[in-house]
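One chain, subunit A, appears in both complexes that follow, with subunit B as partner in the first and subunit C in the second.
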Partner chain A sequence: MSSASNTTTISPVGAPNRRNTELALLLFAVAIPLLAYANVGLAKHGSVPAGMLGYGLGMGGFALVAHLVVRKFAPYADPLMLPIATLLNGLGLVLIYRLDQEPSVTTPALGGPRAPGQLLWSGLAVLLFIAVIVFLKDHRILNRYTYISGAAALLLLIAPMFFPAVNGSRLWIVIPGVGSIQPGEFAKIVLAVFFSGYLMVKRDALALASRRFMGMYLPRGRDLGPILVIWAVSMGILIVETDLGSTLLYFGLFVVMLYVATERTSWIVFGLLLAGGGATVVGMTSSHVKVRINEWLDPMQGVAQGLASEAAQVRWSFGSGGVLGTGLGQGYSRLIGGIGVKSDYILATVGEELGLAGVMAVLLLYGLLVERGMRTALAARDPFGKLLAVGLSSAMAIQVFVVAGGVTGLIPLTGMTMPFLAQGGSSVVANWALVAILLRISDTARRPAPAPAPSPDSEPTQVVRL
Partner chain B sequence: MSELTLTVMRLGFLAVLWLFVIVAVQVIRSDLFGTKVTQRAGRRAEAPARAAPQQQRQQAAPAQPRQRRGGPTKLVVSQGSLTGTTVALQGQTITLGRAHDSTIVLDDDFASSRHARIYPDRDGQWIVEDLGSTNGTYLERARLTTPTPIPLGAPIRIGKTVIELRK
Partner chain C sequence: MNKPLRRVAIFCGLLIFSLLIRDNWLQFVDGDSLKNDPHNRRVLINEYAKPRGDIIVGGKAVTGHKTTGDSDFQYERTYTDGAEWAPVTGFASQVYGTTLLEGVEDKILTGDDDRLFFNRTIDMLTGKQQQGGDVVTTLNSKAQDAAFKGLGDKKGAVAAINPQTGAILALASTPSYDPSTIADGSAKDSKAWSALQADKNQPMLNRALRQTYPPGSTFKIVTAAAALDNGLYSSIDEPTDSPLPYTLPGTTTTLNNEGPLPCHNATLKVALEVSCNTVFGHMGAQLGQAKMLAQADKFGFNKSLDIPVRTVASNFSNGMNSSQVALSSIGQFNTAATPLQMAMVAGAVANNGKLMTPYMVDQLRAPNLNVVQENSPKELDQAMTPQTAQKIQGMMEAVVSGGTGTMAQIPGVTVGGKTGTAQHGENNSGLPYAWFISYAKTAQGSPVAVAVVVEDGNANREEISGGGLAAPIAKSVMEAVLNK
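Moving on, here comes the complex of A and B:
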């Protein structure tokens, strides 16, 4: 008689500890921006830029410290997030340095050279990343601060209203002599925490207490309250701060998380209807938004008079790059007017100098980062962690969509920063913190489950001598 | 700087950038975790040495009846999340339930942790017995109350899972 039972078993498999993979990828991710840096120097000045070794060692040092901290405090974390974030940040620094070499976009009025400042902010951001990994032992601690986060998010969103508008949008808190910070970047993290905590408690009420009408689940009136409040707040931001991008980000984040928490398609339909209706009304009334929409619908309208809109210039930039690009340092993105060439329109420089191939690679890197976040959400064992991972990664996905969609002409151009790539201190700090929280969740999710306690009846019966 | 160097650097940089993307995707490919499906039969055939303790255990079990001619030789899961799973019937008791030490671990919300067992009696006739489950075990349409012999091909329903004995 054969001894084997011919059975198929399905057993849980823990994720392996992938820290060495992370280290190898991280070295790769530090080498690529250095290559780009050398390329810019060779193209612009005919020589490898001075300080190349110093910058390389500095960047490698920061990456190594971040890696060692992850190795010590989050040993099971995802191996891809840190290298991808490092690569994008390094590429962003090189692109800003490259644009600093153009005198016409580095005038004192535009803030002079931006790369040193961005380097400083990146260093601070990595320090914050390390602090989050070290001090946030468990992401579930954030669950205790659900309503505090809600209040903080509201405060962060409202605060810029009391400061003067910069370039037509009230997005900044300006502290004279120190600089300006963009609280909206931090608001997306705090909002994701609030939504996760709120929806974790309310998901059943939102999903189950509904009436069926024409094949859709209609939520009860009182359950609609929160979504209407969030909608009103984001429309308020759109009207008062005249920023279309943030509105899309916050409202989109809320609809995505609501859908993930309740599995009800009707929320997406409602969300799209509300957002579409609101945007149409505001687009017809607000002059700032109206200009953007007109530029989007007809970017070439002023060209005949010699007044090409920024939207048109950005598209020319992409066009002149072609498939393989003109090469780093050899494009003409300095010709894009306005102030956004190093921040909002940095993807146009990627498009011109690295071509379609480069833009696709960069977008794929964002895609991989978001995918790792979603994978973390799937693997997370607690509902709060699941929702938070979905929220953080979809916030990043929506932000990339809004920026990339804006510069490529899919949606109206809005003032938002490309995460990690674009010049902007608040943005780079907030996004490193976001990646740190995702890493913390993925460490908890991938950590092997503790061995189950032995069941009492599996122990052999023993004779106990008294 | 010569045109050639810059062209080589431009294309080389794109190649390196894409190499990173490809390596990252390869890392994801090798990073699978979650649940693993193991075909035990193949592994045992390669390692006959492992059969020894198994045999000892079976000999220790009481009253191993000979297999009857014309009787069922395998148990097949025909519905539910484990559809397609087969277990060879070789005189051993098969336990079904959500408990991790069951022969067939049911991933089914309606199953109890120790739901039912299937065993051969002294004549080699296969019997199904409900182990006091919450939602019951059904043979054809009837809920089991006592250990019952299983006709060939009769569906045994546990929650959303249906199993049957086949030749």
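Moving on, here comes the complex of A and C:
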């Protein structure tokens, strides 16, 4: 009956795969951090840094290999994500190198210079990225591991409870002598996989088997169960690990994916009510969270007594940068002090040295990365891929919002790292993996539909007289 | 699934958008106030990232700078003869801020002044370090030396001005302090700072500009000017209507003189020469509150000045009864004056009644020695008629030639002066303040007027008198200006 549309008279011309676009963009993504690196050296020491050539070759090499792997194994993948991740990672390395030049924040107690370690982690991260692209032939394979992912996520979330708190938050698994990893960064990916698999199966039950009440669809009691479990785990993390940011991230991720899966606005209302209620209770009881909220409401408290909080220092850092910034290597964001200046507060250095213009550029890069992920979700043909892509992208968006919002004082400050930019091995590895999965989904989504097998039906229409 | 997906995409876009808005608010709208917040350490770091300009006296800088090994502050302020010049320069400390000239002219000294914009731009374009401008003062280093050495380890202050221009020639205050000892944030300097703060002798108080003392008999010049200007008496040789003993109006208290002086109906000239309390007290009461206050105001009382350092206003009260006006007219009760104020009184007399606005900054100079601002003499008020001024000059010169101020005589120079010994404290229990105000006159007019106050001296109570303690200091300052 629809033979007219199923015609072979128009043969599919291969959709442009945009790999050359990616290569051109990558050139900039490598060149910009390289120039920034030279800039830091010139500003701080009056000469181009000695490691310039090695650094340039290394970064260029990694970018090239990543590009070639994508060209070979995911030829239809989104052309923007790899350059954006490379650029952000490169800028992050330069910023950490720049802060390493300040002795006051590079003392042995604070871990000494951090750029070499971060470079190593970035290398590992790109290797993982390549491995994901090469070995994950189809993202739907992940669907098989739905419940294993759920268990793994739970494990990753609970594990830090058994390790000592660092800076007031239990976010790390510390292995003495080896280092520490932040499992929460990986948890967001594994959780997204679990939610996608779970919701793909349950979405009809959740969407349809509900009662209408005051214009809203209320879920059935037994469908409510898993949601309440997630909520309880989130709140548990908040209370035991005193980590407001991760709670916001996981819960936000879940509500977004639930909404997309069921297309029911009532879930958002329900989710917001649960999150709001929980956050209020914790905010009123936890002293750690209370301190953060007070600092948010009045960052300048104690300044007159000479006790400027980090929050106040961060504000001054941003303010002193102004519109155009002081130039790399010429700001004083080291005054923020402590270990956070290279991780949680790295955006303040961007703000002071690259100015409003620099921060806007960085935020727009994140925005672009997130929206390319959303575009991938729209284009994906299978519900699992759609859900996974939207989950990973919105996790990135929420994380950027929570960190940047916290640092700029839009919301209370929470301990999380700026993806790619901030110092932290777990973060950079996890985010490269996240981008690899998104690229894999986008490759599948943008791949031209396979040429339909020639069928006798599509032979030139004949009029058969009966 | 695409409809909710599009909404989520928009929502994530809004999240990023809200961050952009917030960052614009933080860095653009609030940016300047955060950048210039005095608690923001960057303000100080910038200030000391380049050498400060200098404060210059007589062609030579009394300030300087040295480089430090500190990571935050590259340069540190140093001072030549810091203690002597502290009442002029103030201090510029990396920790404790800036005061006096260092504070008022901070923008010029750091080079951040708007008038130096062109220099800054050139420096920026040519890649040179921003430089600070200089502050050229009107002070006379010889006079300052004389004043500071004259005060020695006594507690007191000296202010000297050029009566014809108002230019300040000397401003000394003792005990003093060396501003270089508190220039940085080292443990040594913070100890010095707390010691200075705790010192009950208040070494950081600028007594010449910011401490008021009861002027005692030196205030009789003002009373005499009021009497002559208001026509109460027309000649200094005419006997005054002065009872002795004199009972303060409305009370049973008698006002005493310092010993058995010939004060009964004494002439103005004699009354000032021997410093009769009864004559001037009675005169003040006769003139009344309004006329005395008007006269004091014309000399600059009850008004603080920016020279450009802000001075404390000297006081002559309003709303007093007759007996209080009588006491105020001999520089007691609530009357209080800074040494600079009394130098202005002597200066106005020496300059034939014309009171010039005192100023201590001659020029502000850009780093390339271009003059950014030049201060010229300005008249503050006509304190009295020239005739009255000349009559008072006659009286003051008599004080030095044959009265209580003979210690201030300078051979070959006409000197006029007035001593004062002011009571203070509960029932006058404190050691009195010894005052001396004077001027020297040459054929070209008067080049210098001085006020000296010595707080409690290292002498016993009887010996304290303006003539003995303060007059020699005034004399040496005048000699320094006259180049004797």
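A few notes on this one:
The working rule: the second predicted complex is superposed on the first by the 437 of 466 C-alpha atoms of A that agree within 3 Å, B and C clash if a C-alpha of one lies under 4 Å from a C-alpha of the other, contacts with A are read in each partner's own complex, and residues count from 1 in each chain.
Note that in this section a contact is a pair of C-beta atoms (placed from the backbone, for glycine too) under 8 Å apart; a residue touches a chain by one contact, two chains touch by 3 or more.
Just so it is clear, the model here is predicted, and its values are computed rather than measured.
Of the two partner chains, subunit C is the only one touched by A:G351; subunit B is not. Legend: residue contacts after superposition of the two complexes on their common chain; A:P383 is shown touching subunit C, with no touch to subunit B.
Touch criterion met: A:A404 reaches subunit C, while subunit B stays clear of it. In the superposition on chain A, A:L364 makes contact with both subunit B and subunit C. When the shared chain is aligned, subunit B comes close enough to touch A:L87, but subunit C does not.
In the superposition on chain A, A:Y259 makes contact with subunit C only, not with subunit B. By the touch criterion defined above, A:P116 reaches neither subunit B nor subunit C. The intersection of subunit A residues touching subunit B with those touching subunit C, taken from the two complexes, comprises 355, 364, 371. Residues 103-104, 256, 259-261, 263, 300, 303-304, 308, 312, 315-316, 318-323, 332, 335, 351, 355-356, 359-360, 363-364, 366-367, 370-371, 374-375, 377-378, 383, 386-387, 390, 393-394, 397-398, 400-401, 404-405, 408-410 of subunit A are the ones touching subunit C in the complex.
Across the complex, subunit C meets subunit A through its residues 1-9, 11-13, 15-20, 22-24, 26-28, 30-35, 37, 39-42, 45, 71. Partner subunit B is touched in their complex by these residues of subunit A: 1-16, 18, 21, 25, 28-29, 31-32, 35-36, 38-39, 42-43, 46, 79-80, 83-84, 87, 324-328, 330, 354-355, 357-358, 361-362, 364-365, 368, 371-372, 379, 446, 452, 458. Of all residues in subunit B, only 1, 5-7, 9-14, 16-18, 20-21, 23-25, 27-28, 31-41, 44-45, 51, 54-55, 58, 74, 82, 85-88, 90-92, 100-101, 103-105, 107 touch subunit A in the complex they form.
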